[in-house]
Amino acid sequence: MEFVLLIFLPIVAALFIPLLFKRMKRIHTGWFVLAVPLILFLYYATYISSTMEGGHAVSELRWIPSMGISFVSYIDGLSLLFSLLITGIGSLVVLYSIFYLDKNKEKLGNFYVYLLLFMSAMLGVVQSDNVISLYLFWELTSISSFLLIGYWYTRDRSRFGALKSMMITVFGGLMMLGGFVLLGIMGDTYSIRELIAAAPNFVGHDYFTLALVLLLLGAFTKSAQFPFYIWLPDAMEAPTPVSAYLHSATMVKAGLYLVARFTPIFAFSEVWVWLVTGIGLLTLFWGSFFAVKQTDLKAILAFSTVSQLGLIMSLLGAGAITFHSDDAVFKFAMFAAIFHLINHATFKGSLFMIAGIVDHETGTRDIRKLGGLMSIMPVSFTVAFIGSMSMAGLPPFNGFLSKEMFLQSMLAIRQFELFQFDTWSILFPVIAWIASVFTFVYSFYFVFRTFAGKRKEGQLPQEPHEAPAGMLISPVILGILVVGIFFIPNLVAKWLIKPAVAAIQPNLYQQPADVDIHVAAWHGFDSVELWLTVGVILIGALLYASLTKWQKFYGLQPANFSLNALYDGMMNFSEKGMNRISRFYMTGLIRTYMIYIFSFISVAVLVILFVQDAFVVDMDSFAHIGVYSIINAVVLILAVCFVLLSKTRLAAIISLGAVGYSVALFFVIFKAPDLALTQLVIETVSVALFLLAFKYLPALKDHGESVKTKMTNGIVALGVGITVTLVALSAHSQKLIPSIAQFYKDTVKTEAGGGNIVNVILVDYRGFDTLFEIAVLSIAGIGVLGMIKLRLARKENSDENK
Amino acid sequence: MINLLLFPIIIPFLFAIVLLFFKERIMLQRGLAVVGLLAALAASLFLVHTVKQDGVQTITLGSWPAPFGITMVSDMFSALLVTTTIVITLLVVIYSFTSIGEAREHYFYYSAILFMITGVNGAFTTGDIFNMFVFFEVLLIASYVLIVLGGEKRQLRESIKYILINVVSSALFVITVAYLYSVVGTLNMADISVKITQVGQPGIITVIAVLMLIVFGIKGSIFPLYFWLPGSYAAPPIPVLALFGALLTKVGVYAIMRTYTLFFVHHTDFTHGLLMILAILTIIAGCIGALAYFDLKQIVIYNIVIAVGVILFGAAQMNESGLSGAVFYLIHDMLIKGALFFLIGIIIYVTGTSDLRKMGGLMKTHASLGWFYLIAAFGLAGIPPLSGFIGKLLIVEGAFQADHIWGSIIILASSLVVLLSVIRIFIYAFWGEPQALPATASQPYKKMMVPTVLLIVLSVLYGIGTEWLVPYMTDASNVLLQPSIYIDAVLKE
Amino acid sequence: MTIFIWICMIIVGLSMAGLMYRVFKGPSVPDRLIALDGIGVMLISAIALLSILFDTRFYIDVILLIAIISFIGTVSFSKFIERGEIIERERNR
Amino acid sequence: MSVIVNILIVITIAVGVLFTAVTTIGILRFPDVYTRAHAASKSATLGVMSILLGVFIHFWYNEGHFSIQLLLGIVFLFITSPIGGHLMSRAAYMAGVKPTELTVGDDLAEVVQKAKRENSKLKPEDQ
Amino acid sequence: MRTNDVILQTTTKVVFFIIFLFAIHIFFAGHYTPGGGFVGGLLTTGALVLLLLAFDLKTVQKALPFNFVIVIGIGLLLALGTAAGSIFFNVPFFTHAFDDFTLPLFGETALHTAMLFDAGVYLVVVGSAMTIIQSIGGDA
Amino acid sequence: MELLMAILIGILFTAAVYLILSRSLLKVILGTGLLSHGAHLLILTMGGLGGSSPPVLDKGASNFADPLPQALILTAIVISFGVTAFMLVLAYRTYGEHKTDNMNLMRGNDEHD
């Protein structure tokens, strides 16, 4: 079976959802949906055994093979890990949503369609071997996220958040596409595996760094790294199952996946190590620091997610060091990254679900109104406690293990000597430690402000009570995992982490089994990490105790001096600012537009005429000047002047007629009798037309044009005139190739059977022109008829009059 | 069937003429228009097939040898454009049944449409520079008729501007042809190419190249020449707007692409560099406009400008990826613009306004409209696997290959602006609190949805079925890339 | 013979110049019109003479043509001056 | 023979040119529209007809081309010129161009006045 | 006011035919000497305009009861048909045929399909110009 | 000769553009008229003015003027006639609806809402 098709299973299932939702009113649609991730989870789980051995599976669905674009599902340790996360957490989230979303009030049809869409997209992202299809699914995650955040689309905040997340992530996606294209050009393939194989040749390529930066833009925006994280807090407007699923466990990890996946290609670059580690660490600090400022439960979790993503990102960056140094101290980083990724999915998922439960049961997520729920919601509290402590990095929870490894990796960076790390590397453990302190603080802040302390009576919109059992199943399962992983970390490592690590670091390991890292909760008293953790707990506890005293200092940050303000400013600029800019030159006046056009014509053409040395006047090529021509020219000029100066429309039209007749005379002079005839008759008919139309036209006025306006017009007009003249002279002086006219003279009698060459050209050689030229005339005729006879506006007016 | 390539031009022309005889019989007019377009469509599909099989089709009218008579040339590029044109027109005509109103139908509305696509197809097919002028005039005068038909106040006001601009550009076209004729002494496009190669494109030819760019740029609405477009295009009724938006600017773009790949290929540093800079400025200008307004029509109209910039940017790369990307994107844009205009037409019909801020919550009442709109919007923004993606991908790839890094990044970023502008419509019109809607019958709504959905489905298929199109597109871009194919086909003797 | 035609041409040309003065000077519109009509007539003479000079018969059509259109022009202008519209929908209303 | 014909041609053309010159003098020197119209329509017509006749003979005799167009042209001018003059004068009069002060009487004034009055009476019903 | 146009009207009747004949002549002469469908058509239009000037729209319409849009259509069909005739012989569009025929009355005459095409041009020019003029003249 | 014609054409274009930029609708239309005259003369000039006899087969004539530009001009003349007629009607219809022929008052006010 082609398992690439399984990626599309959720989408296919989604097609039936609206039907099921309509027909099966009595059963919650979620139950049908649940089967999809469950089946997929079980299916993908069967691959564990093979990836543990270092095996991989490939399945291809051709899309545009001629451009090297196809859907290739490539399952190795890394993608399997993500696939399992997606389907596993997905199942739990769907289960949770069945109880969270009311089947009578909500448009479940839409909800599950979006959710399944997302599931497909996410599976596609992590399994795609082809960068183009990776991009396809990448954007699809952005879109489904957009739809899910905007699920309650009548709310302003939802729409705002949806747009914000989409703008930022799609921006990143587009940049990433640029990076992919550059990679494709460098490696002449879109397949990631082939790119990895060709990667050593890329170093030093002009595009290498650019591709790297573009790709990282994609990863950073998706994984909510600084400064792009701002969309994530606003994305919390989505229903909580969505937040738990997309915005903590899976979608935001796509960026991490991307970084991990492309590590073998880019890790050779100094920029990569610096950027990934540095931005990751900065995000870690930034997120944890501002998480404490928040008052909305989900916002706290959002910032904590940001910070945890930063943590994993920095670990991925640190892991890239192994491509530059064989020192064994660096190899923990990648392992820690994957390990923490799993742990984060478990504890953050559970925390979000609890936040949802609190919201669902109390009607608010404002932490200032909550408190003392411990006694009312004991199960929820327990799960929240487990999750929070894990997040804070305390034993006996899985977060402790990965946190230790994280600190260990950051400490190890000090020993890295390339790329000027020797100067700056001390900053890494310091920032990491400070961030850990704040992580500790917000974890406590989240769980104890909600559940401990006194109940604030009367502040809650509804009477709180424990959630229904069904809603608790998913968080409890995750809570059990949190604790469970602490006790069996090496088993998890064997099944999941090592295959993934081996996939990321092919330079180090041939087999997953080669990953010689053993996770231990206890490293002995001499390990620095232990003392750092102790320090975190001590200082963290101190800070938490004094929280109320210093939390208010967050208020010092000016509101219009933040990244959000920047985004708002940009959006505002894109509406009002653009409007203002546009107003500046879009005057709605045809004269302005004409001046733009004419100025461009004369300036551009004149400049190019001289730049290209094209201006040549060759007097020899000119015919001699005849007397009649001069006389006629004078007449023509006079007539033109009269057209310009005439005060009455009749004089103007007579002068225009005079211009026409003298043009006709030129035709006579230059041996063009047919033209002369036509011009004369047309001129007369035109004049008659003008006279006809004058009945309906006003007298000639200049409408108070100022002298300045006239001057401008004059200058522009002169520019055009000079341009035309100069180009004409140059073109005529450079008759490089004789005209094809001789042919007509030779064949007109013999082959066309005519005598008047012009007429024969018109009806025979170039009869096609004539056919359509009379079409023009006909269309003008029927157009005039329609214009005069059909007056919709007037009809409306007369209706109004009645 | 040596005349085959003429049929897509002649059949609409014939039916346009026949319609003149049946001014009062609307049903007959509708029927004839559809029959004519279907016949033309069949002919054009057959033409595409033939071109695929036998290579470039040419015919020199009146049996005169090539540079002397008028040559019509149907290579894959033009054949595809012709086919797309007819498809869109067919759907526009069907869309018009319900939306244009009987008054306009009485005054040669369908006739004008058919005349217009005669001109459009002719311009796509002709191999003679002056004949192209004539076809331009046919399509222009037909477009004048369409833009003014109905005689509403705003229509009249904007028509004046539209016509004025085009009269100027036509005059410019004529003088440019005259300059060209003076220098190389021929009008046949293949022959011009040969002769320019003979003399090695001296400075004067470069000047003419720029003039050509200006001439076609006014029609194709490139940067300093596009200003007239937003106002004028907003005036006519939606079906006409769809037709204009989908076809007219594309004729200018086609002409630029044709001349810049066939004639002026010897100093590409200068000419194509200029084209590229203008293309980028066009994109930026379009982006500003697309964001600046809260008027449905304006937003989509400015997106035309952006698309023109993107296509020309691709064409300016003069490499395989860039050109085939441009071809892909050109046809995509014709389809999707048509679809988008249909959609906003329906939105305006349903809400009775084109001001975004007066809309909201249509998702509750017109969900399917919303979904189709969303698909079209994503297609426009180039989200894979919809139609806009491949073209943009190839254009970006071509630009990177040609070392135009910032240009490609601007193209990518412009997709974001495009997305923002169209998603804004979605957010304002379909999301948000439902607004009171004027009472409208659901029958016209459904009837208007039919062609709209067809067009969207077509554009989706265009994206998904790219693989089937690739051989055609490769043929199309090959002709552009290697003028010799074109020249040999025309001057075969 | 040629010299004679040349002289004639110059005289006709001068006459036209004189009429041109009247066209520009006016004072009234009918004045201009009359002068213009005169120019038309002289144009006929001029072209007739020219066709002798150029030794070609292809301009003779032009002569009759100018006569025709100058008449049509005259009629329409005078109608316009007289009534402000040159084609009535229905006479005698 | 040819000398005679050529002399004939020269004479006719010379006469025509003379009339043409006279026309110009008339139009330039006469005081008002009506007198100028008189000059234009009469002498100019005669002038051009005479020239055309010359040219016609030239083509007929010297070139062997019997030009119907020229003859037709002469006839046409003969018919239309006076009409044109008439219409222009009338237009001038109706447009209210004042004749020169030397004019002795204006017989038409009364009629026109009366007609105009009737016309203004008719107008309201007309609309 | 009522004006007396008897002089003009009488002349016009004569002059109209002169112009019309001349137009036809110019039309037929087109292939060998200056002229052709355009000029012929426009001149005919001129003649018709003269009629309109001298008489009025209603009278002329009564005398010449053409729907000029139909005239356009016929003209276009004629032109297109001439050009398209070649399709049936599988030669390129617009391939004209001409030959000398000996006709009983005219003797040696060259017949040229281009003439038919030119006739189409003539009709279209007349039709279009008259449509425009009549529309404007008939506008209220 | 060509020099003279080129300058003449330049003048025609200058005048045409000047008129097109003016506010009065009628002047704009006059401008387009001049523009097409300029363009037509330009084609003729570009074809070369050296021919000594009309491009009509006739006894003894050999140095024909270039017929092709003439044919092109003829086409262009007819087209510009059609367009001018159309514009003229459009102008008076616009004047009828808007009650002004001032181009400045015909700005698209509703574009900036």
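Going by the order they are written in, the chains are A, B, C, D, E and F; count residues from 1 in each one.
We adopt the following convention: a contact is a pair of C-beta atoms (placed from the backbone, for glycine too) under 8 Å apart; a residue touches a chain by one contact, two chains touch by 3 or more.
Every value quoted in this text rests on a predicted model; they were computed, and no experiment measured them.
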Farthest chain relative to subunit A (centres taken as mean CA coordinates): D
Chain pair, B-F or D-E, that carries the greater number of C-beta contacts: B-F
CA centroid of subunit C to CA centroid of subunit D, Å: 10
Subunit A and subunit D: spacing of chain centres that average the CA atoms, whole Å: 80
Where subunit C and subunit F are represented by their mean Cα positions, the distance between them in whole Å: 23
Subunit D and subunit F, separation of their C-alpha mean positions in angstrom: 32
Subunit F residues counted as touching two or more neighbouring chains: 20, 25, 38, 40, 42, 45-48, 53-54, 56-58, 68, 72, 74-75, 78-79, 82-83, 85-86, 89-91, 93, 97, 103, 106, 108, 111-112
Residues of subunit D whose C-beta touches two or more other chains: 69, 72, 76, 80, 83, 87
Where subunit E touches two or more other chains at once, by residue number: 2, 8, 15, 18, 22, 26, 32-35, 38-39, 43, 46, 49, 69, 72, 76, 80, 93-94, 96, 125, 128, 132-133, 135-138
Chains grouped in pairs wherever the two touch, ordered by label: A-B, A-C, A-E, A-F, B-E, B-F, C-D, C-E, C-F, D-E, E-F
Subunit A residues touching subunit C - in the complex, by the definition given at the top: 628, 631, 635, 638, 642, 648, 650-651, 654, 657-658, 661, 665, 668, 673, 676-677, 680-681, 683-684, 687-688, 691-692, 694-695
Interface residues, subunit D side, partner subunit C - complex: 6, 10, 13-14, 16-17, 20-21, 23-25, 27-28, 33, 36-37, 40-41, 44-45, 47-48, 51-52, 54-55, 58-59, 63, 65, 67, 69-70, 72-73, 76-77, 80-81, 83-85, 87-92, 94-95, 97, 126
Subunit B-touching residues of subunit E, taken from the complex the two chains share: 69-70, 72-73, 76-77, 80, 84, 86-87, 90-96
Subunit D partner contacts - residues on subunit E that touch it in the complex: 1-2, 7-8, 11, 14-15, 18, 22, 25
In the complex with subunit A, residue positions of subunit B that touch it: 13, 20, 61-62, 64, 67-70, 72, 101, 103-104, 106-108, 111-112, 115, 118-119, 122, 130-131, 134-135, 137-138, 141-142, 144-145, 148-153, 160-161, 164-165, 168, 172, 175, 178-187, 191, 195, 198-199, 202-204, 206-208, 210-211, 214, 218, 224-225, 227-228, 230-231, 270, 288-289, 291-294, 361, 363, 378, 383-385, 389-390, 393-394, 396-397, 400-401, 405, 408-409, 412-413, 415-417, 419-420, 423-424, 427, 430-434, 464, 466-467, 470-471, 474
